Amino acid sequence: MLKPLGDRVVIELVETEEKTASGIVLPDSAKEKPQEGKIVAVGTGRVLENGERVALEVKEGDTVIFSKYAGTEVKYEGSEYLVLRESDILAVIG
Amino acid sequence: MLKPLGDRVVIELVETEEKTASGIVLPDSAKEKPQEGKIVAVGTGRVLENGERVALEVKEGDTVIFSKYAGTEVKYEGSEYLVLRESDILAVIG
Amino acid sequence: MLKPLGDRVVIELVETEEKTASGIVLPDSAKEKPQEGKIVAVGTGRVLENGERVALEVKEGDTVIFSKYAGTEVKYEGSEYLVLRESDILAVIG
Amino acid sequence: MLKPLGDRVVIELVETEEKTASGIVLPDSAKEKPQEGKIVAVGTGRVLENGERVALEVKEGDTVIFSKYAGTEVKYEGSEYLVLRESDILAVIG
Amino acid sequence: MLKPLGDRVVIELVETEEKTASGIVLPDSAKEKPQEGKIVAVGTGRVLENGERVALEVKEGDTVIFSKYAGTEVKYEGSEYLVLRESDILAVIG
Amino acid sequence: MLKPLGDRVVIELVETEEKTASGIVLPDSAKEKPQEGKIVAVGTGRVLENGERVALEVKEGDTVIFSKYAGTEVKYEGSEYLVLRESDILAVIG
Amino acid sequence: MLKPLGDRVVIELVETEEKTASGIVLPDSAKEKPQEGKIVAVGTGRVLENGERVALEVKEGDTVIFSKYAGTEVKYEGSEYLVLRESDILAVIG
């Protein structure tokens, strides 16, 4: 199991075709393109300057969209994942 | 449904012609040009260093103007949206 | 009506000739040149890390000078405005 | 009258010859050269993250030295001024 | 013994082949590639602005993945280590 | 008299030969070279975000070493001074 | 004596051969290489935004490793020292 640190999440990549399963279609403009994925693990959150830890807004199982260029790819036990920070997630689909 | 995270909003784009429905006309200068849109979803707000979450000033249904180059485009169930941070919104029209 | 967000203001541009109505003359040096305008709307202020919102120092009706290159131009119902942050305002004239 | 905002001051420029009235002589090295001026107005100070406003250390009438390249020039009612932040002031002469 | 300072950790490098012992396979994309290692020492944590020290999330013995380009290599008593900050660690494997 | 603002100090330059009076010899490497000086005036200190002012560690009369490229030169009543921030001072000699 | 300010330390350089006295061997990779030294003086620590001063983790006599390119070299009474910030120290050897 991959347990992300801080405000990071581990995401299972959803292959982005022209139209994905949940209906996201990537526009062909010059703007930064988002990608879709499913969260498989979340960190314990970042620590504020007052010592509190802020729980993440997202949770295991959420389908999210995020910047295509965010995060770091890892393969673990044969599957491909992306580790990224919650701040790179744009929105939850649901 | 797209649920934006933190201080993000989801905006339905308003096609920007020379003169839009609500009367914004984009000037033809060299300055950064704003764009008009309607808010369809707002995040729960950003978390301050004291642990408080700051609710957004804008709400669903607001027509807003924002920097043309801000945010990330997504298509979702056939409609085109823009996900951006509240800090990229200049003003509410109304 | 344009309601600016946060610490932003909406300014009605004053045409800057060699000598403006209130007496500002722009010097012809290589330094950044300021511009004059009248505030027509102010935001609710920025939020501090302790959760307080700081009211703006300027108010509707104030004539102010600000950096010529600050802010974003918008036309709204036939008039031209500038949306900028209070921190881009140098001084109030009066 | 020019009322500067925040931690800004309005300064009446002192013509910098080889030796100014109060005795500052600008060295001819490659280092950034300071300039001398007299403060004619001070802002109300910057706001700390705890909501307090910090009064400026300098006051109207102070003769100060500051970085030659700091601030913004304005002419107002025939006189030439410089609007700069207190943090650009190096020292008070007196 | 190497005792890392602040939020740093000392890591024993795991040779990264195509498939490592614990199953991480590095993808051959253009993205930043992570590396695997075992933590042999942790610092006392960083100090917050309120004076508290935040203990690290990771502990001695943890197998972690981290950015390949993070940290500083040192050899100590014949072994090769990497000293890096906890914020460069992506996830714990386990 | 020159009264420096905030966390600034006014320093009387010590001519840096190969070996100065107090024994500092500047090495001829490619690294940034420090310079020696005597403090003739100190500011009241910087203001923290909680409103407190932090008194400087150095005091009038201290001989200090500092980065050669830090600060701003001024001549005042025939003498040459350097105005710099306390954070540019490396160490006190004594 | 050299008394470093704030979070700085004064370090006596240890000549870095292929293998130093305490066993550090510098790897010949393209990565930033650390250097070894002995602390001869420590500052009083940096001041937090709440006014507290944070004592350094290292103390006089500690043998430490630090980035080769950090700090400023000084010669004082015939000996060569390095003044650097505690944050440039990677680990204590001991």
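For clarity, chains are labelled A, B, C, D, E, F and G in written order, and residue numbers in each chain start from 1.
One rule holds in what follows: a contact is a pair of C-beta atoms (placed from the backbone, for glycine too) under 8 Å apart; a residue touches a chain by one contact, two chains touch by 3 or more.
The UniProt protein names, listed by chain, are A, B, C, D, E, F, G = Co-chaperonin GroES.
Remember, it's a predicted structure, so these values are computed and weren't measured experimentally.
Work out the mean CA point of chain C and of chain G, and you get 49 Å between them. Note on chain placement: the centre of chain E and the centre of chain F lie 40 Å apart, centres being C-alpha means. One finds 22 Å separating the Cα centroids of chain B and chain C. Residues of chain B found to touch two or more other chains are 49-50.
The touch graph of the protein chains shown is a ring with every node of degree two. Chains in contact form a single ring whose order, set by starting at chain B and proceeding to chain C, is B, C, D, F, G, E, A.
Taken together, the chain G residues at the contact with chain E in this complex read 23-27, 29, 31-34, 48-50, 52, 54, 57-58, 65, 67, 86-87, 89-94.
Taken together, the chain A residues at the contact with chain E in this complex read 1-6, 8, 10, 41, 44, 47, 49-51, 72-78, 80, 83.
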